[in-house]
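The structure under discussion appears below in the form of structure tokens.
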Amino acid sequence: MNTEELQQIAAGGQEERDKFDYEVNVCMGTSCLSQHSDRIRDAIAKEAEACGKKCQVRRTGCMGPCAAGPMILVEPAGKLYGHVREGDAKDIVEALGGEPVARLDPELGSYFEGQNFVVLENVGHIDPEKIDEYIARGGYQALLKALTEMNPASVIEQISKSGLRGRGGGGYPTGLKWDTVAKVKGAQKYVICNGDEGDPGAFMDRSVLESDPQRVIEGMAIAAYAIGASKGYIYVRAEYPLAVQRLTMALREARRRGFLGNSICETQFNFDIDIRLGAGAFVCGEETALIASIEGKRGTPRPRPPYPAVSGLWADPTLINNVETFANVPPIIRHGGEWFSSMGTARSKGTKVFALTGKIQRTGLVEVPMGMTLRQIIFGIGGGVPDGRKFKAVQTGGPSGGCMPEEHLDLSISYDALISAGSMMGSGGMIVMDDTSCMVSVARFFMEFCMTESCGKCVPCRAGTVQMFELLTKITKGEATHRDLDRLTELCEVVGATSLCGLGQTAPNPVLSTLRYFKHEYLAHIDEKRCPAGVCELSPAAVEVHA
Amino acid sequence: MPRTIVIDPVTRLEGHGKITLQLDEAGIVQDATFHVTQLRGFEKFCEGRPFYEMPNITARICGICPVSHLVASSKACDAILAVKIPPVAANLRRIMNLAQLIQSHALSFFYLSSPDLLLGMDAPPEERSILHIAHSHPSIGADGIGLRQFGQRIIEMLAGKRIHPGWSVPGGVNEPLSAEKRDQILGMIPAAKDAIQRTLGWFKSSIEKFSAEIEVFANFPTLFMGLVDERGLAEYYDGALRFIDSEGNIIAGELNPAHYAEFIGEAVEPYTYMKFPYYKPLGYPGGTYRVGPLARLNLADRCDTPLADVEWREFRAMSAKPLLSSFHYHYARLIEMLHATEKIESLLADKAILDKHVRATASVNNLEGVGVAEAPRGTLIHHYKVDENGLITWANLVIATGHNNAAMNRGILQTARHYVQGEHIAEGMLNRVEAVVRTFDPCLSCSTHAMGRMPLAIELRAPDGSLVREIRRG
Amino acid sequence: MSAEPNVRTLTINGEEISARSDQSILEAAREHNVEIPTLCHLEGLSEVGACRLCLVEVKGARRLLPACVTQVAEGMEVTTHSPKIDRYRTMILEMYFAERNHVCSVCVANGNCELQDLSLKLGMTHVEIPYQYPQLPVDASHPRFTVDHNRCVLCTRCVRVCSEIEGANTWGVMGRGAQSLVITDLKQPWGDSETCTSCGKCVQVCPTGALFEKTSVGNKTRKHPEFLPYLRIMREGEQP
Amino acid sequence: MSDLKTLATVWLDGCSGCHMSLLDMDERLVELSSQFTLVYSPLVDRKTFPDRVDVTLVEGAVASEDDLKKIRKIREHTRVLVSLGDCALTGNVSAMRNMCGVQPVMLRVYEQNVVQPQVPTVGVPALLNRVRPVHEVVPVDVFVPGCPPSADTIYQVLSELLAGKVPTLEGVAHFG
Amino acid sequence: MPLYAERPPLPSDDKRWRIVNGTMRKHGFSRNALIETLHTVQSSFGFLDEPAIKFVAQSLRVPLSQAYGVVTFYHFFSLKPPGKHTCTICTGTACYIKGSEKLVVEAEKQLHVRVGETTADGEVSLGTVRCVGDCGRAPVVLFDGELSAQMKAPQLAQQLERWTMQ
């Protein structure tokens, strides 16, 4: 494969598409598919054929506003339809070239305002199962460029220059990580893509893997070239069968086109990728646990150092980045690091994909430049809290993150700002809560999660999460005292400071952040035996044991 | 008007208990109940534990007589192993059990009851304590402390620890006795004998003062039960069970303790956590019997040591039949201390006591085992069933104090009827109600293996059961 | 190769010491008689860094570091005891005591237990956090040994010695979180294990009364893990 | 903590072993008794807890409603509350029933193998669902571990308290 | 003589064992293939029983204790056969905020089982999952693996009723 061939493929694809007057793109993401978008697609295709319009009915990936699905994007009009049913096929086809079908308007309002697609640039536009469509949108140009025009060091330089930081949560500078692995001596090195989407309540990685799998593969291949790896693994959650299926197909396609395997793009570079399935363990999002899992073992973390960069998979130097991080790599190489760093804030560059969910008008996947405020996302893109209720908090960072109250709505999103507000970026879950959510119960919910997901290796996490969960339960039952609250705070400190891995270290965060902003709710449970949100059933006869 | 008196807690007793007295319109005691207010549930939570941990666990039933539990439990475990333990191990356990009897009797006699005996039942409550006795009667106080210490030090020397030692184990004991320690123990014996004899002297001389109490302190016919050796002599570690009636007839002898369930049943009453064992052939409550020092001296053909036998003869000479008043438990206790001290001396005199082979090992050979020993308060039965791996599937414990439960309740009623009367209830009246309980030296810690303890309270209840008054003296 | 470059100079609690570059902070500290509490560590076994009792402060490090797996470095400034570390350690110990049923008084290891000793060393006189009282089994199916999960601290010494020294791999860990349990083979009764060689090493390395010999009851249990380093040397020496 | 003149001892749910260990001080108990008054104890006849006690030693865990009432009252009237022994400190053997729950215990003891099977309820306190260490119920000032703590340990604690010091047992006594 | 013991024979002539064997062969019978192979067993048989774990462990020369440790570490693997139908409720954050707890309560009430259990008649297994990634349409329930979103308690009850009434 060389530049010309790549351009030929792209041109061929364009030619094919030019034969049609219209494109009807039907979302085939998990969410829309579960509402039978495949049947809708078939119905539209049948209608189109019947009426003789030159219309290509295509499968695409997730377009974002999942709650309005099944989604359809009609081109060239750029018109979105939502809540489409099979029976709408005829009207959709008839409306091609004319007035859109009014009743299918997804009423997305300002959903797309301010969004900036880098990672999601192809969604809605390409068929995730067709590599050529990816290529037609500029796919694999970056890999080709890297392999043919750049040396590994200059690839890393561009990544460093871009300011890209790990999108899995920690925000470690990607360039630095690559550089470290590149500099470690080792005959065999590995690239691992962490697709074990950790946060419950987030689906960025699922969406990317389902909608644009080649982008991740290309990113991994570039990384492999940069650090000198010849083997890669994508670790995907088994709960994402569609993502696994698309990835499997994508890998096959990439091999067929010569982007994986030996002598890639007619260079000396050899690289291939295998899929490894997760099996339902949150802790495997932690690098060393993930490595253990790929090795076929229990996913328990081990102390670092040594870091995987030095001693990772089978004790060889290993680079681990998450799905979204790799998905950012091809455009950075294509457009240059400076292009990327022109987006975002001083220390958080580029865009970030969020899964905007919870008590919010318009839920779905959004991609915004770093630096956008929470208010812009929640009230602008998301349309605010529905049913006339009052916004109470937004949770980011999953079980490791925290809840931020209204006074932080004008916070500009960046790694550092979120941490200083007591939360964290995490992989991109953003859950909005209204005044019907009890913040103690929310903290308890996350603690229960951490408790059941604790691997059990170190005692602060194994036993501390149980203790904290029980104290939170006691509070929600109205049986707790101030001494319990003090003990909870102390446990937060000790578990956070002494746990072996990130799971335990961050497990107290939801408690700490709710204590920071919503202490009055804790106190209402303790002193007044009352749940302000009306969620908890407090026992009125609760006995105050301690003086 | 009818009323209820509650004595809560009963003091100078081992464990938690309270007494409820019901008085009628005329101020006459109609009913008396003795509540043991705690339950610990050893029989249940021991299920699933390895049997070889039982001695250590069940010793925690009681901190006063842990050794008796240790011994009875070890014997039950021996039975599960189906081993004959080395003779020296049996004798070492014997010595420990006797030492325990001495310290426990000293505790009962001096620490708990001597204030009543020395100062009288009507003495001011604040004077009725061992600490007061130690100052008011320093030599008696010193004898009491010294005798208890004597017993405890023997246990410590044998087992390494005074309370809850882990030395007696299935198959024998963990460490042999050294010559030095033996000599130390032997060295303590003369002083102990002197102290006991001194005590017997003053006790016998003051016994007349208590003729009224003797008359009503659980003075009624019951059966008596205890262990005797093959010659019919008093025995604390092994032997067969014997029942006698109040006339002194042996109604059942040579009973194999392992078959206790054939002749001992247990009943439950709603007012106490302590169960009521009874002699099965006579049913409940007709089969009420007593155990402990009084029972043992009543039913044995004699002790088997010179000084104790002299005392035993004198004791039994008080009546042609068995002595029925529980007040004589005090007396019997002193004789038993003397007997135990002499017995320890003779056991230590045998050179074989230093034998190093003190433990037999085996794996589970029986799925069931019963261990019986005489605890200070009476016969103690441990009965375990295990699975083939030796995990306890079922446990039953019949504990010394329990045997006396029915008699104690009747004794309280008898005493209360006699003493507690009229509008004004004097403190000394109630002290006597407690004192009758003290004669039995009930260990309520033990008795509700299950297990309770015994500060006691008196409730005055109306005939309809409603609480009229609760008396907590102080 | 000269020995010179392999020596590192560092300070522990303000005292300057030197150590070999391949030594951990723990090894260096113990060599200089500085006490750092441990539970999962055992000389002769691989390190897992799980018990978190050996956490120490290293100047410049963002977090506390486990002394057992942190290599010494030139100029390192280590603090092994501070009010904060002591408080953390005590609480960690409390978590150990609270998560299972450690009834020291009736335990076969009473007086010979590393967990009990730690409570003494760290001055932990009582447990502030509530006890959990889980229902856990006792497996006495092995003819010589018993495992009582009530007393297990999940240090995995048994798992490691069985794998690293005996090579039988009989022991493993199942489940996760608070439900973790050490198991033999497919969680069969130990006595039915196909792989157990009955060597008893697991019993000797167990820091508590979780694994014990059936005959060592009463106050007699003594564990002897001292054999390990020698065995390790022997084994490694034998390898080609 | 000066002028500690009155001493009380109580037992809740335990085996009395700690009290026995207290007595194992032997002559030293008499020696110490010249410095304090034993105002309430199973060893003396006072039936109600005094209004003001300087030091109270508590043996045993909190296992019944009586225990609960008692310990709260004691705390209220005590300056220095000392948890004596493992049952008070950890629940120890008393708390072993927590592993199976109180109901099965009742059923086993009173319903199996007996005549007149019934669970006693008259004049006896209800048992708590869970046996608890003393400090889980009321604040405790001094902790003395051991099953039982040795007589020497108890002597040390009492001596230091009488000397107006807070006893330090760290590194002296352990559980079991 | 082979250096190692022979690989164990297939546990039965059930064709699905050949699929399992295929997975192992694909990975060269490497120990690392343990989880992948267990996935194959789970998807072929619906659960992992002792003979299956033993067969896989011995084929891959993984110690039995480690194989069992892996199986029980990952919640995706099940040691018990599933019911004829499965109802899996997502308890991810978004679903939680939208009331998935109530769905769990409803399902437990309706089926008279706790989460993780199967009805006595073997008809329905009730489970939870930490997130299926359809958070935009929370709360989400999987009926026999089919995703149903924006679920409400009555709807859930209806579906369960359809199964249990059969």
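Just so it is clear, A, B, C, D and E label the chains in written order, and each chain counts residues from 1 on its own.
The rule is simple: a contact is a pair of C-beta atoms (placed from the backbone, for glycine too) under 8 Å apart; a residue touches a chain by one contact, two chains touch by 3 or more.
Bear in mind the structure is a predicted one, so any value in this text is a computation, not a measurement.
Q: Return the chains shared as contacts by chain B and chain C, ordered by label.
A: D
Q: Name the two chains that are joined by the greatest number of C-beta pairs in contact.
A: After tallying contacts for each pair, the winner is B-D.
Q: What is the identifier of the chain with the smallest separation between its Cα mean and the overall Cα mean?
A: C
Q: With centres defined as the mean C-alpha position, give me the chain A-chain B separation in Å.
A: Whole-Å distance between the two chain centres: 73.
Q: As a quick test, compute the distance in whole Å between the mean CA positions of chain B and chain E.
A: A distance of 60 Å separates the two centres.
Q: Roughly how far is chain A from chain E, going centre to centre by Cα mean, in whole Å?
A: Roughly 25 Å separates the two chain centres.
Q: So the centre of each chain is just the mean of its C-alpha atoms; given that, what is the distance between chain D and chain E in Å?
A: Centres of chain D and chain E (C-alpha means) sit 51 Å apart.
Q: Quick one: which residues in chain C touch 2 or more of the other chains?
A: 105-106, 110, 128, 130, 173, 175-176
Q: Using the touch rule from the top of the page, what residues of chain D touch 2 or more other chains?
A: Touching at least two other chains: 92-93, 96, 99-100, 136, 147.
Q: Residue numbers in chain E touching 2 or more other chains?
A: 66, 69, 73 - these are the residues of chain E that touch more than one other chain.
Q: Under the touch definition given earlier, write down the residues of chain C that touch chain B in their complex.
A: 105-106, 108, 110, 137-141, 143, 146, 148, 189, 191, 214-215, 217-220
Q: Give the list of chain B residues in touch with chain C in this complex.
A: Per the stated touch rule, the residues are 48-50, 52-53, 55-57, 60, 160-161, 164-170, 174, 361, 363, 389-391.
Q: Using the touch rule from the top, collect the residues of chain D that touch chain C in their complex.
A: 83, 86, 89-93, 95-96, 98-100, 130, 133, 135-136, 140, 143-145, 147, 169-171, 173-176
Q: Residues of chain E touching chain C in their complex?
A: Contact set of chain E toward chain C: 50, 53-54, 63-69, 72-73.
Q: Using the touch definition from the top, list the residues of chain A that touch chain C in their complex.
A: Per the stated touch rule, the residues are 281, 283, 298, 302-303, 305, 451-460, 462-467, 470, 487, 490-491, 494, 497-500, 505.
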